[in-house]
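This is the structure, below, for whatever I ask next.
The letters A, B and C name the chains in turn, as written, and every chain counts its residues from 1.
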């Protein structure tokens, strides 16, 4: 399965947020959408889902126009983990995860055994079985993130989009979430995640898409994208590279002094 | 994982409570007339008058209290679920104020005497007009725009109603307006029931249709949209559904508050906080509350009738305080 | 067969329309020439009814008529016989009346419900002047089958009114300020104005030029110079914010400038009844008193023409 966005443009009051961006995500790959603050990453993601209105561009799922598909079919095909962490109402964790089965349930019927099995699997994957009975509102940050991730996993959609899934988590949980997503990718789901953390992007992603001021400036393997030149041009930083065993790693090291007064003068 | 009480059992209990209250409501007469005198009449063989009263006075009264209570409970639960705000109640979208305004204008001008159903018909028109204005103002906006537009319409309608009372040169009309706004089902006829009931039922069906999306909306609008919820359509359904049933109910009974606000809060924990399950429970709970309040209206024996809206406020406000007191910690999480 | 059913249909339609029309208007309902079981659901209709019909025919009156001072002694026998009602349809139905008389306000639902159930309901608008009251009394007389008694009551009232008015001294009508709660003062086109005019005075509201009831701001009030004021604390009932205006020192000073003050019980003006004539007589007397005071003052030269 392949979700492809072509030529997406999003503007608010004439101010360009995303300009002519194209990217695709296919089953089995883990793609990171990276870029500085304000680059338009979340906006592009939401435009792909149809949550954000776009001025131009097409979004297709295996060639079919994604946004004209019926809502439930869209929900079953592409799952989304938003930045919003708030769950209204004091729902127990199990029920929150069950909400992920919404696109599969119909009419006034309750959850089927298939739904329950999917929820169990999702809870298992995030190591959250012990949390099932507790209200989400009283869980810690890490626990809540896992449950919300389980909600997304429960949809069992072939494409999974995540908006900053590891922000505000401690290192243990950051690693845990990335491992879960990687595991999913290996089992055939296409994962597209917006990330700020370049170290994680380098380490876990098969492919990176780099955005800068609304445009996509690079799309390729991590080593091809996270080059010193691009890091300097887009992020204005220098990074330290190294290797640990057979894996390379990257760590942002210092800011670059910007002589020309810089990017903040841009509209 | 499990709510304190199985859902089906809760519904069955609420149904039983409602049935018992409705039965009692048919038997209770106004204290001024002798609360159980009707039964005495039937016992003495003066059955005709008793059955007439049962059918033409108590039946519409009980049925209207039941249906209006269900409407308010249901609409309150739906709006709280949709706006994701525990302070929402059916009045927040300005429907009851619109209905009240037109009713007040009818009383002020004396047109309410034109034909027996003149006042409720005008009030329904008022409710629908308000909703049209609301959709026009806030149609494409977000939830915040909707709430603000509703508040604006409520305020305007309320201000004009108060102006009418202020300027009323006839002290009788002013009092009549004031009493109407306090809410009552006393002496409503089967005609009133026949007018309001179809609207209320249609409104219920429209609202029930939005039930499942409310669950998904607990995650926020973006996550819900990604799951396939059409947020705009859900919103239109909810606004229109509320307008139809609450508008028609208010048109016939006048302004009754607190039911839509308090009943969902009372029952939320018992349905395991699920917004969709809360709908039916709130409808039954609201119906029970209003029928019980109407029984109280009849039992309380003071010279002037204690209005239904006053009784619900008197019951509702302390209950609300108690709820908040008990749930302080929960509310802050 | 088709013809037969078509004829039936054709006959049914106008019949249905007629029945609907009659049901809506309530006019076809059991109209009895001389009702024997009359229920009144309005205080003012109570008072007219009590004077037109013998106690045995009155089944129920509003509970207000039982309040102390609201019904005169000569009408008390009816109260022993009748039951109290609160205007509720259920109460009225249980009494099984053949005539229900009521007021136009605050019983709208009850009246239409009773009419819908086929009861004979007659609604009386509150009167704005004497002529309307005479019309109400006549209508009541017709409804209860006592047209002669009604005419007699009207004739008596008219003659007593004329007699009282005959004693009004000539000259410009002085001003009577009836201060009630919240500084509400009746102006033109109110029943109150008609009564006060009949007693030989103009109301303060009349002179200020408006119709209906208005609350007059204190600043405007104290610039007026009424000749007669009332010293009743309105409603003679538990104090309320609304009656506090009467305690204001400026109001008292203003009131003390008048020639005289007068005390008129509420029940004289709640509804028009022969009791109302007492108020008119009181006003006429006050008028005479004021004329006397004026002459005295101008004789002694003490007053610079108030």
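Here is the rule we go by: a contact is a pair of C-beta atoms (placed from the backbone, for glycine too) under 8 Å apart; a residue touches a chain by one contact, two chains touch by 3 or more.
All figures in this text were calculated on a predicted structure; none of them were measured in a lab.
The minimal number of chain-to-chain contact steps leading from chain A to chain C is 2.
Among the remaining chains, the Cα-based centre furthest from that of chain B is the centre of A. The centroid of the Cα atoms in chain A and the matching centroid in chain C are 79 Å apart.
If you average the Cα atoms of chain A and of chain B, the two centres end up 44 Å apart. Inter-chain spacing, taken between the CA centroids of chain B and chain C, is 38 Å. In chain C, there is no position where the chain touches two or more neighbouring chains simultaneously.
Interface residues of chain B facing chain C in the complex, by the touch rule stated above, are 29-30, 32-33, 37-38, 41, 49, 52-53, 56-58, 112-113, 115-116, 119, 169-173, 175-176, 179, 186-189, 191, 303, 305. Chain contact summary for the complex, chain C toward chain B: residues 24, 63, 84-86, 88-91, 93-94, 96, 104-106, 108-110, 112-113, 115-117, 126, 211-213. The part of chain B that touches chain A in the complex is made up of residues 1-2, 84, 211-212, 215-220, 222-223, 225-230, 268-269, 272-275, 330, 333. Residues 46, 49-51, 70-76, 78-82, 84, 86-92, 94-96, 99-100, 102-103, 105, 108, 132-133, 135, 137-138, 151, 155, 161 of chain A touch chain B in their complex.
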